[in-house]
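Below is the structure I would like to discuss, written out as structure tokens.
Note that the chains are named A, B and C in the order they appear, and that numbering of residues resets to 1 at the start of each chain.
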């Protein structure tokens, strides 16, 4: 079952994922109403604790929280002068003293949301940690594919790009494989993490091989400033070999859809026209992100059973 | 000086290959006699029934943090923690503030140790000025001040030409050059062993090749120069193999392994506990296995803790930002006893790697229970069960991956120069 | 004609009885509301849905004008969300027409405390401003905790607060046989009765009575 926190897709069972997706269907309906707001989390406080800036994800969580009537507070230690004055755990303890009902954490280093969750009473949602996980992104991707294809089981998903540095790739690998889809990854060899097969995927340095017969083609963002010259010779060479245009998309199934977690480097990961038009579903991903995050916030903010030490056993009773 | 009789223990003396139940008498700071029915009039008696009695442990790799980082540890607290773990002699690394790269600092450390530390302290001086890897230190002067070896430890000397000259020059003073083998350009920002675990954690990986490249380089340079190379904290199967082959060729090389690299795999990092962050990183199960085999077959000469204290707030950071290192004195015995429990090594051979071999490497007394040898003795109860709590230990720091775990085996008593400096029931008996 | 089955569920309203009551209620609705074209039936899932469908069919039969049927999930408006640890599953909301200036007739199967009806009214107001809101409750159990009155009631049923009263039958269409059962205190629907896959599915979604 869904625990107190959402730290990664790795921790979830298939039933948990399905429950979140089922809930998101109804949250999507709320988002289509004229009054896009329900009183569910009235009087609750959600803190967006973003050590790493991310306008898009933060805005998505903020809108999700507000549509559920929660008070949403944005706290970005990285952008304040606090940066090195306080350890992450001190920041977490400080926040905890303000009694938030849910804390959404993003950090450039893997593992920070987990460490914070160990300190906090409130449920923690991982909004992306280093190259580890970005569970709500994977959930919105699963939701979008489910919406498009009507199923997840038995689909072929090709993830293309910098797998090594990608938390989106890892969360999606866990998510899609748990839901019965087959995942292949393709990247220039320096961008394929060691032993990636241990996560249950097929890795290839051939785009054609990875795309062959795929139902979904997911391109990842290339951090050009960091990678060009060291992991890949140049952006131009990457665009030529791994950039996806309509010609390369032809390797995939005729009805394949194209996804990207955004923001897209146009002409690098995806050709210009593929960024905007079908079969690209990039804007649906963004839209669904709000619904999925509403579902996650709803499901995680139930009243937490208080741990009470049983007088005669000393164990935990909930 | 007082007389102490250690009664009824299992005497393990690698120097004489002695392994039998006997009493041990210390007198005048030295081992006086071993046997039964010893003349023990007026002697303080330590009951060692069911325990091992062995030459005090010699730790070739420690960070005592003084001078300069006394909030993590100082010579007094480090020395106390060491004797509580059974270590009677410590070699301490040069990465203090200021760096131990001149005789005055070496002198200071030795002086402080004499006053404050229940364990003997032997400074390892820097191999290059300021650990910068640019200018060689004055080895003769440092030797004269008391340095027992030279090392830049964590600051791997990347300039192969300079490394060659350091090894060559070290032949003048005939002490080992201790190397921390990690190619910094291959490590880059890596913090966990590169492999399935780094992939799963999403943390930057540090490949085994980073260590192996430099072990190979330094072995070749030792071969070229004839110097004594000592490889610190061997952690990979490839490094063990390279060292084994070099020894077979007759290269003057010794090596150490840490309790953590002998028992913990990179899987220990799966909870992002920064107390599992060490340099070199915890490796795969196959690497751990190879290190154990290397220790058993003598490729690796000794166990060294790489005791590296860091304050709680320093470890309470992001995994990438937290400094590497763990405290190791008080857990070394129970942790490494795992090899005895699994019948991989005999108690006598294990003691050889804790005492006799490391004493020999730095050419210092110890490692023997022969009459007239210094009275550095440790009494170990190999079966005692206890729970490790760093807060109750003697180190100023608490950065241990074994915190809260049940341990089997514990140091019961430690004697330095014929004097009881630690007893498990009485604690450290400060000088 | 109460009857007991093996699991201890007691049927207190049979399919015939329910359909008869819905026909009567359709007549009462028309009596109260002169313009049937302005009616908008809004069902509270799950129990309200087959009832609203049947009512709509009845109204078409009587007044030859079939009102729209909407489905309005009240879960996100519940007043006990802050005190429960387990999050109830959400159900479908389908509102095919605007509610502004319409006579909205809320349809629920079992009305007890009135809290669900309160939630439904709040939800409804977020969709617009109806001219009036009326309430159909197939079974009125009493035990009201809010000042809510049922306009069109199928049957008054005095029960003890711990008993469960459930509508069994088709969730979607109006065709399947319906029945209202009473479950003794502490008894779950699963243990009491396996009323086919639909009833089972509804059990998993949980009741909001």
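Just so we're on the same page, a residue touches a chain if its C-beta (ideal position, glycine included) is under 8 Å from a C-beta of that chain, and two chains touch if they have at least 3 such contacts.
Source: prediction; values computed, not measured.
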item: Overall pattern in which the protein chains touch one another (line/ring/star/complete/other); value: line
item: Innermost chain, where centres are averages of C-alpha coordinates; value: A
item: Cα-centroid distance, chain A relative to chain C, in whole angstrom; value: 39
item: Interchain centroid distance [CA atoms averaged], chain A/chain B, Å; value: 44
item: Length of the line joining the C-alpha centres of chain B and chain C, rounded to whole Å; value: 75
item: Sites on chain C at which at least two other chains make contact; value: none
item: Of all residues in chain A, those that touch chain C in their complex; value: 19, 22-23, 25-27, 29-30, 33-35, 37-40, 43-44, 68, 298-299, 302-305
item: Interfacial residue positions of chain A with respect to chain B in the complex; value: 10, 87-90, 107, 109-112, 114-115, 129-133, 167, 170, 193-196, 198-199
item: Chain C to chain A touching residues, read off their complex; value: 73, 76-77, 81-87, 89-93, 122-123, 126-128
item: Touch list for chain B against partner chain A, complex; value: 194-196, 198-205, 271-272, 313, 316-321
